[in-house]
């Protein structure tokens, strides 16, 4: 099989990581990489790591080659994605969207957090949620739609929601979590999470040797995490920025239900059972905490668990690479499933050891 | 006034920062810096930033010069500190201890968390808690004892407790916080917090480009934070390590009491009033979050506040330099007070801007 | 004495470091800080480390308060500095310029490297070269001019020239260096050297975990270094960028004259003698190499020396903080001298130890 | 083909990178990874990035499984390697040695720089020099020996020599370089180059935010570089340490012969021709300088060239990943050739873009 593949918004950090993965993928043929800003520039000029590896140059977002693509990855801002998706799906193509446009099931929630109306509510209804370990059926349904020539759209989970809910969802679904008390999530991201745009925030000298919280009580990943976990107005989510390139760690504080076990070893076993068939998620042994460096550059997630018995709290910590499992590589994992390929095809599982 | 000053355990990270501050202090005369491991080595050889600034060499912990010191700072591990303190206090000297030995008021709590009995319970009763903004009377009492020739002992607050409780205590003391729900604290520290010992954890290549949680549900600063805030078995505290040298950020999630205001502007005003006379604590305007880089190298703490109205949670974020306000400089602030000096004498308040 | 002081271009990295130093200086009264871009913004809003320390806000470059300043520091790009200087000098004020406009003695050399004509050649003739350890007489002459009410102008040495020539000049002046062979200088700078502007080069994610050379064979500090050392067309200078904020290391390869000693201990002694009276320059013992971390935040320079006997090469390595001895603090050192104050007044000499 | 492969000294930084590459290699079967210190510990416990990827545990260096290996990589200190090599070669196995034991052709030079006698001078005579782009015939000869059942030994080039000579050798071999003047090499390495051992030098807090030179005039890679370039007592080599994990940049200052061209475009063309068939070496266009981040994690080398016409100097800058092209991946490239495989089999060529 050779799957013609286009990447819209390929010059940003998620987009260029997609380029890297698509070029390595044994079944993908990368035919279009777009960036309105850099149209005409060779990829290898903007990102010299591709020197000798590809002659592709960025084209504009309206590149007609996209019309021939079996799959188009959208790594553009929200609203831009939903403007582009219908044309692709209507001709039977597959859209894998990395923006927020096809994540939130309720258009009213989308409008509340993103301050714009959702203009593709019909497409939104069909959209698969792109977090394969938690919503496998969504992607199977999308695969079926594709087979039937109807096209398909996947709204990939965000970076914080991915790390957070991979760590939290098993406990919630297994009924271990109190169904009223707040869930506090404090997460830390590397600076690639702040995007490619050169700003005061992303300036080396301001980001380096600094820690800060941002988007406190207002970050748009909040409703997405609540939707995945099936909770309402219970999430307190604070993201933080730390001086590293890649890596995202989410520390999830889950209040245990009165009747739930406090035995962390049992909880670890339940989690291992939950992710038994997962190619990418590893639950660490009780007492072992994940390091983001162990998953950087890969589609893997590592999860560590501890119980605070005094307070009755499960602390679940998830580590991912924000650009990989948190964005580009997870998008390819989703595409693999939609095209009936092994979900791990072309995706790295072993980080550089140091 | 010339206050003769000794530093025991001067070669570690807190100890050597004390050396730096003591040398700049207009009223201190630094006469002894000890390190059993480096005895005989000039300070400037181990730490070349002191080249030309001091001819002092490390001596052993039993250096008789310590017996002539007006104040001895103890930057040694717990248990070592309480073994050394009585000799100093008994002759009317002042001990400023940076270990945990004189922090926890209840010896049983000390024994539970540190797994050793407390051997100086009488001295512990007199010990002032070294966090001047929250326990000014403790230090005034110690100053009085010193004046009366009885010596004094100060047990300085730990780094995480300092950042955490400076951010949380006003809300708690003002009755804004629910008195039953858990308080979740997720904090991040630079690698100086892990100490000078060269280990796998402190190796550049393992700490760099990595994020991880540690001491989950077991960190010994937990009971100290609970003691300061006056709460029992309600704290869930998770520290994290990030790749920077200095800096500590504590994000405190405080469940608001049912009747408490949700208006962050009002809460900010209350906090500003609370710290009105503080030389070192700044409460940032509503919506502004602190950066650790803004306080690095200084004894300052910056506090940011936000309210999550959906959940009824106050998020209070405190930023300090873990070696300064979190250790050495706060110790000097305490000593200043005990000796009747302005509390900010010899202490920096302006970080390098970049 | 209270010296009224203004800083033009105060929002950039050198400018804001000047603000920090000026605020600490016991004889300076900082009355104007200008930035056309940030006019109206409080300094503490743009750089939160100044919170509580100053209420100053940036004003425009044409702020009339500058006309009342005893000394005006110019931290603006070249050409802008020489446009502003005459007005200040003409009324008897002192200009301390951090740009390149008053460094190169020969206007033709200036024009060749900076591609614009020099428009203030008369003022250039009077300008003192601001590198006190190597050109003390220049500054003494400027002090005399100031006393006589004629005003004065100092063209401060650049960052690379400062580190390079402090390491190289003693050997050259002592006749140790071959007078024909090339002098190769490879230097490394932290990212503050690339300035405050947010660009692809200064983006955290591109600067972090990267090393690169830049300005190879074309860097404008080349003629300045040649001028200081008194050599022509013999310098090969390559600057490099490394992932740290502050710090500049210059490795200077000096071909030894045939008759010169190869005994590094003797050369070290000559250097120590050369800098005997220097408040800021330390020559390390033979075999010890400087670390930039030992001088960061201070006006100090550390110099290490080694001899490659096989090839007959002296390797002289200089370490400074590029924003301090390489810019702002050296500017204050120069101002101190021009105003007859101790050269080290208000300037730090001890870096944070870790 | 399935090549049984062992790695001795697999727990160090070069060794563990070898483990990563060997596990991905389509023709290698990794059967033994040894570390006396960590014998019995699962690889994935010491390096959690291997969780789920291998069940191998470290065994001792005398693991009998090594006797069944077709190829044994030695990532042990010098002298240890030459003690182990004969046993493997004598039974027809292939040794790929990453230590210095089989690099220097002249045992007297080895003894002078390493202060121990060479005990395997016969094996040394047969040893191929492991730098395929510059010494392809050596590896072809080794391949032939292997085929004939005589075993083979490859002494892989060191990290600094690889980056330095890939940048310098074309100019030297093409006769562009003056044959008497000194060649000055200033190189910068990330901290993985300092090894896994936790020391003051590798402590995060001392390596971070610091630059320093080390091994000035004494570094053992000096004679290796001279041997490769075919020069005697003309090299001045100074390595530097900078705060990043992986990456090595070597700036080579080559004095041009009087009659050699000064036209950098022509020199770039010659270099491109020189490396025309190379799978891994890229010569950048005139005026473009390499970034280490562009090759990190790969076996690639990027080379940038500039001419200083004033002085008549060619500046050639080489960028590699010190653990990849500078160690483990180059070792696999050598093994590929010795076993008659494509030289790039199993080796990455595209770095993560950011």
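Just so it is clear, A, B, C and D label the chains in written order, and each chain counts residues from 1 on its own.
The working rule: a contact is a pair of C-beta atoms (placed from the backbone, for glycine too) under 8 Å apart; a residue touches a chain by one contact, two chains touch by 3 or more.
Quick caveat, the model's predicted, so the values are computed rather than measured.
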Co-neighbours of subunit C and subunit A - touch as defined: B, D
B-D compared against A-D, more contacting pairs: A-D
Far-end chain from subunit B, centres as C-alpha averages: D
Inter-copy rotation, subunit B to subunit C, in degrees (Cα atoms; steps of 5): 180
Interchain centroid distance [CA atoms averaged], subunit A/subunit D, Å: 37
Interchain centroid distance [CA atoms averaged], subunit C/subunit D, Å: 39
Separation of mean Cα positions, subunit D and subunit B [Å, integer]: 47
Junction residues of subunit D - those touching two or more other chains: 13, 192, 196, 205, 208-209, 243-246, 290-291, 293, 354
Contact footprint of subunit D on subunit B as seen in their complex: 13, 191-192, 196, 198-200, 202-205, 207-209, 243-245
Residues of subunit B defined as touching subunit C within the complex: 13, 16-17, 19-20, 23-24, 47-53, 192, 196, 209, 245-246, 282, 284, 290-291, 293-295, 297-298, 300, 302, 323, 349-354
Parts of subunit D lying in touch with subunit C, wherever the complex brings them together: 181-182, 184, 186, 188, 190, 205-206, 208-214, 216-217, 233-236, 238, 240, 242-249, 251, 253, 255, 289-293, 296, 304, 306-311, 313, 315, 317, 319, 354
